[in-house]
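In the two complexes below, chain A is the common chain; its partner is chain B in one and chain C in the other.
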Partner chain A sequence: MKPFNQNQSPTAMNSEAPTENLETIAQAQDHFIQSIKDATNNPDDLIIQSFPPNITLIYIDNLVDDQTLNNNIIADLQNKPNDTPEILMAALSIPEVTVTSLLIKAIEGIINGSVLLHIEGYPQVVIANIASRESRALSTPENESQVIGTQVAFNESLSTNISLIRRYIVSPDLCNEKIKIGRRTNTAVTLLYMNGLASDQMVNTVRQRLASLDLDALIDSAVLAEMIDDNSLSVFPQMLLTERPDRFCDGLLDGKIGVIVDGSSMAIICPQSFTEFFQSQEDQNLRWQIATFVRLLRLAAFFLSVYLTPFYVAALTFHYEVIPQAFLVPLSESRALVPFPPIFEALLLEIIIELLREASARLPTKIGQTIGIVGGIVIGTAAVQAGITSNILLIIIALSALASFTSPSYMMGNVIRLIRFPIIILAGFWGFYGIMLAVCFILVHLLRQSSLGAPYMSPFYPPRLKEMRDSIIRMPIPLTAKRPALTRSKDDYKFDPEPIKPKKS
Partner chain B sequence: MNKLKYFYSPLLALVLLYGCVETNILDKVGLTTLVGYDVGTEKKIAATVVIREVNPEFQSNVEVLTTENDTSKGNRIEANHQLSKKVVVGQMRVVLFGEELAKEGLRYFIDTNLENASVSNGIYMAVVEDRVAPLLEYEYENIEDIGQHIFRLIEQNIEQEYMISSTLHEVARDYYSVGKDVAMPIIKRDKELVKLSGVALFKDGKMVSRLPATDSFYVKIVRDTFKAGLYETILHHEDLPSALQKITTDDMTVAFDAIHSKRKVTLVNAANPEFDLNVKIKARILETYPDINQGDPKSVAALEKAIQNKLAKELEKVIAQSQKVESDIFGFGEIYRGSVRHAQLTKEKWHEMYKDMKVNIHVDFVVLRNGVFE
Partner chain C sequence: MKNPLQLNPKDMVNTYLLFFVMHSAQIGVGVQGFQRIVFQDAKHDAWISVLLAGIATHIVTFFMIKTLEIYGANDLYGIQQDIFGKLIGNVLNILYIFYCFMSFFSILRNYIEVIQAWIFPSISAWFLAITLLIIIIYAFTGGLRVIVGVSFFSVVLSLWIIPMLAFPLKFSSINSLLPVLETDFRSILKGAKSMTFTIIGFEILMVIYPFLNDKKHVQKYAHLSLLATTAIYVAVMAVSITYYSNEEIVKTVWATLTLFSFISFPFIERFEFMAVCFWMLIILPNLCLYLWAAYRGAIRLVNIGHTKFVWLFAFFIFLGTLFVQTRIQINAINNQFANIAFYAIFVYPIVLWIIAALKKKITTKKEQKNEQA
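Take a look at the complex of A and B:
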């Protein structure tokens, strides 16, 4: 079941297309100006300049680079007489210049930040692209920060992002396909992959999914990721959103396919398996022992975060038998004052923690610290003293909240945050049986998922022993020569798996 | 919307089955940590339970209740009548039996605990000298929770291998095995303390005799392997080899730390059961009194020899005593059953044979290191 309408109605497109698309540029200057004004709804920032004897220059003020306009176009026009669009084109000292006779191309150009140069009496127009888009400077990754590794993140400019990637992968094999998505926003979306590594079938799938999206508007890549996912209804993301160019390039070099949306600082990588959401790019930069330790820690944190509170609820509500003897007295003493059953107690605290988290995410940074004080001291201590929660549960909840932050992918962190609640409720209803039911449900669900048709639980299901070397553990680099089969890469090995260091003779 | 059916079914189950499970919220139950059974009046069972209750006012307190009824469940109902919290047995750690009751037989208690799913098979069972109730009801000066104290006492001694292990699982296995009998620790009150005072020998689930606590070492090395225990023995002067007799005119006390013991039992003669018992002990000598020169290989060899003889003698004594009361706590019968095809062994048959069984004991004692202290 697909919740989004990915099938464009071809009839609607075709009926409109011929009349508009084939309209040509008027020869007369007045007519041409009028047709541009009509098409762009005559905005106030539409600048029309005439250069006697016969040239008209039209552009939208906020889209073009003023300096280039002055130095390279206006200056050129004033110096030389220009008779035909072809001569004019050659005269301009800017790289991206085209000539068109179609009005729609001219409109598209002006909207994208080009200057239109019209010569009286010619049914063509010269389009000189001198777009300048406002964009912030490159900054360090905020959401996926890491200690060792590059400290640069994508920003909102598509061209900057692509240039970042081209800096990491200096290769003609890096393919770049541009697709426009959104009937109203005409957002530029770029499909990036490595020719010779990425599977053609997967590239086709992504291309087809992107092309068949019939959207009104596309503002952010997260929306796009959700829409081109294999299962948009699942809580688990099947494509990775990353703001790190190094992570993105590492994905491309594994044979994955990347999608960048103009105006969005998060790039999409697919296919992505479940375990890869718990890998950080930093793992590649650390020694394998440390990387393995950190990965196992994260995995433990995932389980801790999801199952610790439900375990508490189930043990205290139904299975007092499993509580270790040494733990029995402190646990029951801290529970003695609490008037609620454990499930309410746990849900209450979990919701308080989620409230704190949400509040601190929404609050302006300046008063964000207040939340820490309110949350930590007031609610934490007061709740225990007032006797509505037990000390031990407070520790457990704090621990599981902390553990949920260790996920390198914020999207996956959110999932962990959410799926805890149904498990707590099930644990409160049926104890360990409820937890087991939830485990089975989640496991079955995960096993059914796919990412671009590739199994989501790879390399564990289907078991791919060689790839397990770089999954929840990370073996030394010489042992991880194989590219993940998840991507169906045309080139199986990253390098010759033979040891690099020759044996001692 | 066929797929939605799958979403509805757990939801429906959630609604319909909510509340079907019996809750035992930790702070609303009284946790039985220890149960002791005695012979009551008129064939009833007298049960003494140690229950830990948690109240907001008192933090937590330990109740010791004694009730009398026909069954152990009846006793639980009776205990419930006296408490503000539901009595549950899932945290029970120790079951104690009064000596009199143990002599009458424990079959019922082994069965009823084994069948109860909320009772762990890892609980310890022990016999109390005389009656259980006075032991538990006594107001000890330094023991706050008698249930936990006895549990720790038994657990600690079993883990350090000072005492034979007697969990419910092991007791039940021994009880239902044809060629093996139950053995349990015996505890008693010694002024302000509770102490392990011996090993109870059972025949068909009935206590028939007892061994002193120090002999549990011998029971242990014959029953199974031994890995950690410390042991002290006295070598009598007349038993010492001449090399050592020179050193002292008195008895010699040796403390050693058995690093590893291995026993091997083989059936030599099936008609009139005769077994070879080979016990191999590797040990560290920790202390000898009076001191001997442990650097001298000759005196070490002499010491090894002396300890070997001593152990063999003690083993013989212990086995002889168990034979006298027809209680095969060592499991010779199981070896017999495993070695003789179509033995058709029954408990009665084996007990008859056990009485006249012959055991050839060979002890191989090796001093691995000396002068190594803990």
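Take a look at the complex of A and C:
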């Protein structure tokens, strides 16, 4: 395992340059400028400045911090005599300065936002890293908002995200490894874990999966999460994508492994079990009774959302006997005018709901609200009045759509949204038998999944009673001292599990 | 002791999961309608027959574990090869694989029958067989861990059915059980024997034993699971006897399901419609475990991959469902199978233990002689 924070600086990161590109830097100024121009395809924002008598300064305009360039490099160059690269390096008052004689390193430096300083007659170049990347200010989490808890989300800048994490976990044990992914994009990907908590084997697995990826481009972490999943073909995500630094850090402290992709505001946390997708970070901040209630509510919502509409379709198509007499009258009244069989009616409404959902997600915020009103009220009422659907189905569909939003993870919410459709179709053709087929199939499918080789259904299967205290329920904090066995953590307990008994004073 | 199994520790399962494995393997289609066949002989003392059958399972399991302990880490197939030699052992192994096949088939066919009788009279058997087989194949190809997982969830997710037995209690009269032991003992024993089809399944222990990681606690969890099964069967039997009148129970084919049909909630009536479909989850581990047991035997005989094996197996099962169509045929198969199973499960393991113990004594004596000489 590498010690913490090795390879942190972007210049040192490029130390593993391929050995076949050993072209050295030209001594003559003209040759050097031409070689840089050739290698970078002579972009218009390549700035070449000469400082008499013998210094050339090259950088890409949009990548460097202008203020630092003016105050700390140009000012220094004008005041001092410059003889050799070593003296020049010492003269510059910026922290990340290196000297290299390899052209490829110079190129990598310049595209990462460094300034190249070349001295006529020397086969070396000084690389001064003054990169500045455009990024937006930190904002509140929009996809995973919560009432009680921190109100800050990751943004697209890797260094900002890491500094956020380092603020939550102030410890030298926080390990940070940089890997480059994407032959064309050279995206910086950071692997984060807690030394002494994360299992070495799992860290190796993630490291190896990241290293063996041969991608052309990597734009977002969601793509990476899908690529390094245990089973990329499954509809269920096996790694959590989160935009909350507190959730991310909580995962690291459980012995999980985090991956952050530069340019992406979602961080990956793995291994992740199925139940953990239904846990919100807010549950930790609430009293345990309330947290338990909310978690059970979410679980109920999951089942409601997936099985309520199929149940309606199955009962109305095949099993009228199941519906109680008192309920049969209003049901048949509301369905009296509907010309379609229940399966068609249900699919129609489900698709309308999905259309609304997709439309309001894609449209600008202001119009999105209008769409909600138009869709919810106008289409809903009109559909019932036109006799296309029954009132009761409308309630059921709205309820299951609402329930699918309660999942704290948007990725899992999408899964719930999708798996409803095949179940409705099965229910429409084979009634309760079809629903049960789906239940068994999903159960077997979930049992077959793993996350970084750890069982996906943990802590229920394999059953671990102690960890079930913090699963679909949440027991008081003193009782949940054990870290999840899912992560195979080296340190089993978060704290001494002895109950704290405050002295009466 | 030949042929010990070399297993990867990754393939091992925790011993306490044996509780769920054996319990889920025992409870299956039989419980839907075992009351009638037991009641025919034992009358209102049928619950004593059930209890006796339960005790018999404890005794047999005790000897099974004794036999397995002699060999350490080996399953029934290896033990048979060791005791009877390659030839006879393999013949017995084939017979046992065939037994698993028959068991699988009769469970599947009975469940299909129940679905057809209660919910979809017009749906064809081959369709039900294919849909169920697909799920079983999917579970089986996941390996033992998935199969044990299915057993676990099958037991845990079905727990809510047990309190449903309280509903018929409202209409039942305890007097139906009295006087106790009115039936003569022969009939009670005969009733116990008719429990065979319902109570078998625990023989999976003979195959899964080498996969358990802690052999010391096998006795404890095996007997606990048998105890749980027996308790459930006795409870169901007692409720049925007190609920139905004497003649009614003999005429009811699926007495447990009929019990459920009186249950109603404010939001749902005719509960048995749900129960019949839910039973799929209860028979799923049954089927997976028998399939797996057959596979363990098959790889001892021929070099066959698990995908190839499972497709062959499923194909023959499917052919079977095409040929066995009527209720009479199914009944005949059930009776024949129960007869075979009685000797294979209740008599044979004890015989096997005696032979294994004798053989062990002889070999240890020989070794002692060799050491002295």
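Basically, the second predicted complex is superposed on the first by the 481 of 505 C-alpha atoms of A that agree within 3 Å, B and C clash if a C-alpha of one lies under 4 Å from a C-alpha of the other, contacts with A are read in each partner's own complex, and residues count from 1 in each chain.
One rule holds for everything that comes next: a contact is a pair of C-beta atoms (placed from the backbone, for glycine too) under 8 Å apart; a residue touches a chain by one contact, two chains touch by 3 or more.
Predicted model, so just to flag it, every value in this text is computed and none were measured.
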Based on the shared chain A superposition, would you classify chain B and chain C as clashing or fitting together? clash
Is A:F432 in contact with chain B, with chain C, with both, or with neither (first, second, both, neither)? second
Identify the partner contact of A:F318: answer first if only chain B is touched, second if only chain C is, both if each is, neither if none is. both
Which of chain B and chain C A:P462 touches, first, second, both or neither: second
Going by the contact rule set out at the top, does A:F441 touch chain B (first), chain C (second), both, or neither? both
Just checking: does A:F293 make contact with chain B only, chain C only, both, or neither of them? Give me first, second, both or neither. neither
Pick one for A:L331: touches chain B only (first), chain C only (second), both, or neither. first
List the residues of chain A that touch chain B in one complex and chain C in the other. 318-319, 321, 323, 325, 430-431, 433, 437, 441
For chain A, which residues are in contact with chain B within the complex? 1, 315-321, 323, 325, 328-329, 331-333, 335-338, 341-342, 426, 429-431, 433, 437, 441
Can you list the chain C residues touching chain A in their complex? 14, 17, 115, 119-120, 123, 128, 131, 135, 138-139, 142, 145-146, 149-150, 152-153, 156, 264-270, 273-274, 276-278, 280-281, 284
If we count contacts the way the header does, which residues on chain A are in touch with chain C in the complex? 318-319, 321-325, 327, 430-433, 435-437, 439-441, 443-445, 447-448, 455, 457, 460-463
Can you tell me which positions in chain B touch chain A when the two form their complex? 3, 10, 14, 17-19, 21-27, 29, 31, 52, 54-56, 59-60, 88, 90-91, 93, 118, 120, 148, 151
